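Right, I'll just put the structure down here and ask away after.
As written, the chain order gives the labels A, B, C, D and E, with residue 1 at the start of each chain.
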Amino acid sequence: MNPNYYIALAGILFTIGALGVLIRRNAIIVFMSVEMMLNAANLAFVAAARETGTLDGQVAAFFVMVVAAAEVVVGLAIIVTIFRSRRSASIDEPSLLKY
Amino acid sequence: MSLTALMLLPLIGAVVVFALPAGRDLLAKQVALGFGLVVAVAAVVMGLGMDKSNGGLQYVEKYSWIPSFGISWGLGVDGISIVLIVMAAVMVPLVFIAGWNDVENAGRGTVKGFFSLMLLLEVFMIGVFAATDLFLFYVFFEAMLIPIYFLIGRFGGPQRAYAAMKFLLYSLVGGLFMLAALIGLYVVSARELGAGTFDYTALTQLHIDPATQKMLFLGFFFAFAVKAPMVPFHTWLPDAAAESTPGTATLLVGVLDKVGTFGMIHYLLPIFPDASKYFAPAIITLAVISIFYGALLAIGQSDMMRLVAFSSVSHFGFIVMGIFAFTSQGLSGSTLYMVNHGFSTGALFLVVGYLSSRRGSKNIADFGGVQKVAPIMAGVFLLAGLSSLALPGMSSFVSEFLVLVGTFSEYPQAANIATVGIVLAAFYILWMYQRTMTGEPSQEVSSTVNEISKRELVAIVPIIAIIIAFGLFPQGLLNIINPTTKQVQSTVQVVDPAPAVQGLASTEGSGS
Amino acid sequence: MTAALIGLPLLGATLLLLGGRRTNTWGHFLAVAMSASSFFVGVALYIQMLGRSAEERAVGQHLFDWIAVGTFNVPFGLHLDQLSMCFVLLITGVGTLIHIYSIGYMEHDPNRRRFFAYLNLFVAAMLLLVLADNYLLLYVGWEGVGLASYLLISFWQHKPSAAVAGKKAFIVNRVGDVGLSLAVMLMFTTLGTVTFQGVADAAGQGPSLKITLIGFALLLAACGKSAQFPLQSWLLDAMEGPTPVSALIHAATMVTAGVYLIIRAHAIFDLSQDARTAVVVIGAITLLLGAFIGTAKDDIKKGLAGSTMSQIGYMILAAGLGPVGYVFAIFHLLTHGLFKAGLFLGAGSVMHGMHDDVNMRHYGALRTSMKITYATFGLGFLAIIGIPPFAGFWSKDEIISAAFGQNYLVGLATLIGAGVTAFYMTRMMAMTFFGESRWEDGVHPHESSTVMTAPMMILAVGSVFGGLLLKFVGDIEAWLEPVTGVAHPTHPISAAVLIPVTLLVVASGAGYAWTKYAQRPVPVVAPTDVSILTRAARADAYGDAINEAVFMRPGLHLTRALTWFDAKGIDGTIGGVSAAIGGLSARARRLQNGYTRSYALTMLGGAALIAFVLLLARL
Amino acid sequence: MNNTFEYAALAPVVILLSAGVISMLIEAFAPRDTRRALELTLVFATLAVAFAYVGINMAKEIPGGAPLNGGQSHGIRQLAAGGAAAIDGPGLFLQGTLLLVAFVAALLLAERGIDPQGDAFAARASTLPGSEDERQFTAQGWFQTEIWPLFLFSVGGMLLFVIANDFLTMFVALEVLSLPLYLLAGMARRRRLLSQEAALKYFVLGAFSSAFFLFGSALIYAVTGALDFSTINASLGNVTQDGLVLAGVGLIAVGLLFKVGAVPFHQWTPDVYQGSPTPITAFMAAATKIAAFGAMFRVFYVAFSGMRWDWRPMMWVIAILSMLIGSVIAVTQTDIKRMLAFSSVAHTGFILLGLIATSGHGLSATLFYLFAYGFTTLGSFAIVSLVRDASGEATHLSQWAGLGKKSPVVATVFAFFLLALAGIPLTSGFTAKFAIFTAAIEGGATPLVIVAVVASAIAAFFYARVIVLMFFTEPPVDGPSVVVPSSLTSAAIAISAVITLILGVFPQPILDAVANAGLFVR
Amino acid sequence: MNGEQIVFWICGIFAVVGALGMIISRKAVHSALWVAFTMINLAILYFSQQAAFLGTTQIVVYTGAVMMLFLFVLMIVGVDSSDSLIETIKGQRLIGTLLALAFGGLLLGSITSVARPTVVGLDKANEDYGTNIQGLAHLIFGKYLLAFEVTSALLITAALGAMVLAHRERWEPRKTQAEQMRERTLSGHPTPLPNPGVLARNNSVATAALLPDGTQSQESLPTAFKAIASEDSASKPNEVTQ
């Protein structure tokens, strides 16, 4: 099957993820959207690995998962901290730094 | 005496003065003056030591500095730069004497800071004229801004911050365009010579294609035109001059701004001969506009410092005009003009400073009748003014006439029009004199304006003596300048136009 | 020797100016001594010159190289020839007399020392003017006398009118200087030299257009210095200066520099008929204009000033006639120097007696109380209106005759001028010395001291015999011939006809004035219901008004407009650019709205932009 | 496949990361009051040893490292760890620079003399802002010494970032350097809400941008079947008509441009710079930029060098936008840290000129620029941390008025840094600008240089404005005071100032170093 | 249509639906579930792409661990918090959507601009080392060993970060029960403090409890709320409000 389909699917997911970052205000959902983008990248890696007959893509996807896990921890810690001091998980709320 | 040593002297002076303990104001002044005098003497000695048969660089020294960029610490002077260096070096101690109490009058800043900055400025002033490495020139060109910036901003009048800022920004903008052109030139030299260089002599021998020349020329010219200053890049000058102390204004307008015109004659013409020729008509036009514009604006000023500043715009128009006429009279005349203008404008600024320090105002309307209460002051003022309006017999006449005659042979129309400018010069100077010095003194004037002091006379008399001496014996300077302008002409590959009647001119010269 | 001529008065001026108050007590004597010794040097040189043959009389002295750049080579050299000699003697002679006169005239002035310094300075500059051997050095003297004139006109600086008048004189002269500058530049570029000798030698080969232009430029210079139309207006105002100044500078010497210049440059004018015509026209206009202005002035000095303009008009006209007129121009210049100086000194004496009142309507019947003044003034009067054998007759008559030789219209102008001169001089004479006294209260006219009257008497002698001496003893025509060239005047009207006609015209002018001002009472206040012509004459033929309307007011408007433009236009543009950057900045920083999602949006936009540019680059 | 792991070549990275682990263990097991001493000893020793190793690596020709790039064999060239890392001149130079910068930054981080309450970090980052907990921890003088392992990890990540030779390693390194910074940004002692906000923004946008980077890598991988740069470069030579490649290049560029703070990916910079604890801002502004540019150059000079005609126009646009927008917006900034942030955006634009030059000169000019800029930035932020009032740092510009009166030395040094940022001769900034403009003109980017000049002119305005404010304005009545720092910050400022000066006056040694660094290994 | 295609279309569409669901759901928990749904579908796609190990890891790590972490945090910050429909940033949603469309369009356009060459397949690559997992292991511990090792730093950082930001240390020794008892008795509130919202009209944590006499009990509010109030005003820097 033409790998373009997979990569196109990855592109769609990536775009949707990006859109999620733009339009969702809940920091956690925004963060989920980022995860969605990473997943899209993983899909592309996996598809490309098969297409090119190399395993590097799969390794990359594996690493991305590890990195994503670490990122999630840090990110959620930050979100929790913010939530604790502001009682809100809205990403729009912390907007004192501007102009 | 090497040029490096000549620069080192005031630098040491600056450091020493700065390092003096606070509160020892008099000592700081004396030390600074001592250094200024030593530098002046040294510069004069160097000037006298110039080989007048040689138009090229002398006192050359060169040490590798940043070899990666082909940059060296290269110093050397030719006939044009040495006279400017001497002029600067002579002006500095006089400015010190004249501005002895400027800091106290300004009521801001410290005495040692002022004199230390002034000496630092002198270092850069010498450096900018003496650099034979274009990069080094640029470094000094920009570095000069810093002491002046602080001199204006720290010791100036009520609007000093604005004026300092305006000055700095104009200069920086000009300098940045020059930087771009400088780098372009470097790249061109690298392309042509294999390794990029900033060496003056090497650069003058490049064969740059005309289109590139034009672009690079414009970059440099813009910087120089801002510095010079030419209309329409002049508006920083009146503010800067009006807000700074008279001493600062003297060095700013009298010496520093010469860097612009010096750059034109020393760098633009030899390095970009084709572009110089190409743009010459346009620049001459601009120069003529400057002459009139400056003069008319000077007429319209109510502040004496601003008036003098605008008159300088007019004078710079003459200088630029002479340079771009490419004739030996124009080039030598312009160089001489730079020197003379330094002295005459300096004298005017200093006298205006004397007046304003007494009256507490630079406003023309606040004066009147000074002649009656301080006749010597008025006389000095008049002499300075007459020098500014280029009265024959004074040095400025020689240079102005040389510029005019030099321009006339190439651009008769421009010279014709410019000649009319001398009427305006008479008008703004004499009108200012009339309004400030003549008539009956008002109560305020007679109670505040007293006669010129000994110290003030000591500062101003040498300047006036120089002005008159070089009016009668300009040849001493011209003998130094001429070989170099000849060399510039040969680099640009121009010759003086021959008069319509041939054969007789060559027999002239031995005198009739 | 020649240099000493200039050096002595210059030294005097320097000593007096630098010496300050210390020289107050003896300064004026020093000045007189310097001027006098210069005169004696001049006389000595004259005698030396007489001893040489005509061809060898001109001597040059190269002092040093002044300016040498490329082929532009100007020596600091002096040149004493017969023409210069005339001037040297006139300047130092009359100058010394006026120095002496001033001792008395300025006796009570606190700044007398400065006055004498300036007088010395003037003499030095004037001598430099006439002794320079090239046009550029002449220029130095030229402006030097301008400076001295400026300083002396505005000598009483505390009077605003004096300060203004001085400035005006300088500036109007500067307009003329433009001409001189242009002439020198043209000479250099056309002929390659600016020395008198060089120019004279090369002029013949110069393109005629350029030569004509040089002539016009020189004429402009002469107009400025000699108060010729259209640059005449400063001279009347210059009467603000002390009267000796008027006598020396604005009658006898400086104002004649224009004539000197034209004759000095005769090589140029010889070659250009157009330039000569222009000179004649200017001269004719000015001689009529000056005379016209003189007819209506109640201010005795201004009346004389108008007369000066008019007389110099004669000289200029004569100079414009070419070789036939050069000598007569100089001749008239010399005689005029004598009698006009005498007249001015006389006027000064009158003013001295009248408490510095210059209004002739307050005079009258002074012949009894100021006998010497009356006599000397009267002799001068006779000289100026051209009564034989007084000085003016000889020179003026020659000019009228030569003018008729050129052109009847020009001749007619000189003839009319002579009549008008007679009219206004008679009017002056009548109003001052005749009729009933119209003195103001408390004025007790008295004769001036000897130190003042002595110079007047000497000059009166000159007025009487100057013409005769110059014409018959000095043989001025032969004297000047080596300098100005040979002239063969044509006389379409024989002297036998012309002299009586001229005298008739003069007599009728004088007679009319006599009937009008001596036989009828003169109103103390100038009548206002006068003709347009009188009004015009009183207003200096509207010269100032025209200057005002054509130059001053538009100039001031231009200045004001430019000042506005500079602040709002240029500075405004640059300020506007920075304001625009500031505004842009203020708006752009709003994009930084603090919302993370918004930043992400920008980033996505950036990503799209990058993708777009990448694709575009591929195309 | 070469499965060796060249410890010597990778020593700096290994040392840093190991030190991070040790530091972590110190946190876990050492008594509270000995932690600081232990951590500081560890950190400075680590940095010093790592730096020494960089020096050793630079000095020696590694036997296995045969010249890979044809004839141009000068400089050190070696691939390490199975090709995952490239030990080459530029990489080592950047590592050295980073270590020096980190050293100076560590001095700032360790400072406890400025804030009366302690260092720049919250006593306990986990406490609620304003809570009783916070007060108690602060009052009891607790310190969050966990900043040190984070710092060490971050530096280790940077060291790896600049030598990473495949997209995967680069991505991991990116995260290793970023995650600690996200955390550190949120740990300020004062204005904690702002600090936390900075952390959140930095984190969210950083993760967002890494996703772009990653997706771009995936697309490139899809085309070339490889992640390492040399193979990619070799393959891309053949594949030119593939839109995927373009998309990949673009997306990777987004990720990297975000890290360097180029417009339009710059918006995090001012907010994060302002909100973060100032020592972290200093570290971040200097080191992250160095590391990110190092990586960026490697990607574009090695992996995508064959496609320069494709990515150059894009970089032109980005460079122009960065220079102009950075400078323009900085003009109206009223907060000194934000102003410096926007100035850093503009500088990013300038540095991009070196990238666009696509030449050895461009590379060496950039290396020099990064070195110079790093220290100037460190110094500037260090001084920002000294100007304080009761509530902490006084960063509003109006509070800086008349500083020259109150503390002439500090004001003068700051003015010097500003002049360096403005690119005035005799400062490092000028030499750097000069070098990079030269390279750009050589590379045919003259119009860009003109834009750069215009931007510099605009930039000069706001630098000069601060100087005017400091020297020519009267100080406000209740203005802030300048704290006399301990020797740590003083040393940091002094080192920065001296380097800034030396690079302006005698730059030749460093210029030689960057020239000798040679090109990237392929 | 072969099996792979069927799987692709089904799972692909599901994945997109899940993604859309994530960004459309108002409730955060729903979004999380949609994400999990997408991830599972992706895992299936991995399986069909000869990436069995990754598929498994995807389910275990992502769907299992990461998403659960998300859910856990969601629980902390409030399960039922939902985004309001009104967009606070003007034009954000519209411009965002348009930009996303443009970006996606460009992306898809470039992806599909060139037909992929035929798929090589991983059979050979896997065979080199035996199986897929062994192949991966070989790469991870060979070519990508450096990255792998460095990942450890990442994980340590994550752990450390979570601890620093979330772990609340005690600044005083834990009180014994006796101490607590004594303290409570002395405080004047022997009974527990009222919870927020008690007897009030709504039960938000921000609403003070009403005391029997109808007055509000400030004690019922968590200290953080009082703290926020003060912190907000105290730490709001003057410059950012401009």
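Keep in mind that, in the parts below, a residue touches a chain if its C-beta (ideal position, glycine included) is under 8 Å from a C-beta of that chain, and two chains touch if they have at least 3 such contacts.
Small disclaimer: the values here were computed from a predicted structure and weren't measured.
Common neighbours of chain D and chain E under the contact rule above are A, C.
Of all chains, the one whose mean C-alpha position sits at the greatest distance from that of chain B is E.
Averaging Cα atoms per chain gives one point for each, and the point farthest from that of chain C is the centre of E. By count of C-beta pairs in contact, A-E exceeds the other of the chain pairs A-E and B-D.
Central chain assignment: B. Criterion: smallest distance from chain C-alpha mean to the mean of all protein C-alpha atoms. Mean C-alpha position of chain B lies 36 Å from that of chain C. Here the CA centre of chain C is 99 Å from the CA centre of chain E.
Chain A and chain B have Cα centroids separated by 65 Å. Spacing of chain A relative to chain C, judged by their CA centroids, is 95 angstrom. Along chain E, residues 88-89, 92, 96, 99-100, 103, 106-107, 110-112, 143-144, 147, 151, 154, 157-158, 161, 164-166, 224, 228, 231, 237, 240, 242 each make contact with two or more other chains. Residue positions of chain D touching 2 or more other chains: 125-126, 128-129, 168, 172, 175, 179, 182-183, 186, 192-194, 200-201, 204, 208, 212, 219, 243-244, 246-247, 270-271, 461.
Looking at chain A, residues 3, 7, 14, 17-18, 21-25, 30-31, 42, 47, 49, 51-54, 56, 59, 63, 67, 70-71, 74, 77-79, 81, 84-86, 91-92, 94-99 sit in touch with two or more other chains.
Taken together, the chains touch in the following pairs: A-C, A-D, A-E, B-C, B-D, C-D, C-E, D-E. Across the interface of their complex, chain D is touched by residues 65-69, 135, 138-140, 142-143, 145-146, 149-150, 153-154, 160-161, 164-165, 168-169, 172-173, 176-177, 179-180, 183-184, 186-187, 190, 196, 215 of chain B.
Here chain C touches chain B in the complex through residues 17, 20, 60, 62, 64-73, 75-77, 79, 114, 133-134, 136, 139-140, 142-144, 147, 150, 154, 157-158, 160, 162-164, 166-167, 170-171, 174-175, 177-178, 181-182, 184-186, 188-193, 195-198, 201-202, 205-207, 210, 555-556, 558-560, 562-563, 566, 570-571, 574, going by the rule given at the top. Across the complex, chain A meets chain D through its residues 3, 7, 10, 14, 17-18, 21, 27, 30-31, 34, 37-38, 40-42, 44-45, 47-49, 51-54, 56-57, 59-60, 63-64, 67, 70-71, 74-75, 77-79, 81-82, 84-86, 91, 94-99. Across the interface of their complex, chain E is touched by residues 1-9, 11-20, 22-26, 28-29, 31-33, 35-36, 39, 42-43, 46-47, 49-56, 58-59, 61-63, 65-74, 76-81, 83-87, 89, 92, 96-99 of chain A.
Looking at the complex, you find that chain C touches chain E at residues 593-595, 597-598, 601, 604-605, 607-608, 611-612, 615.
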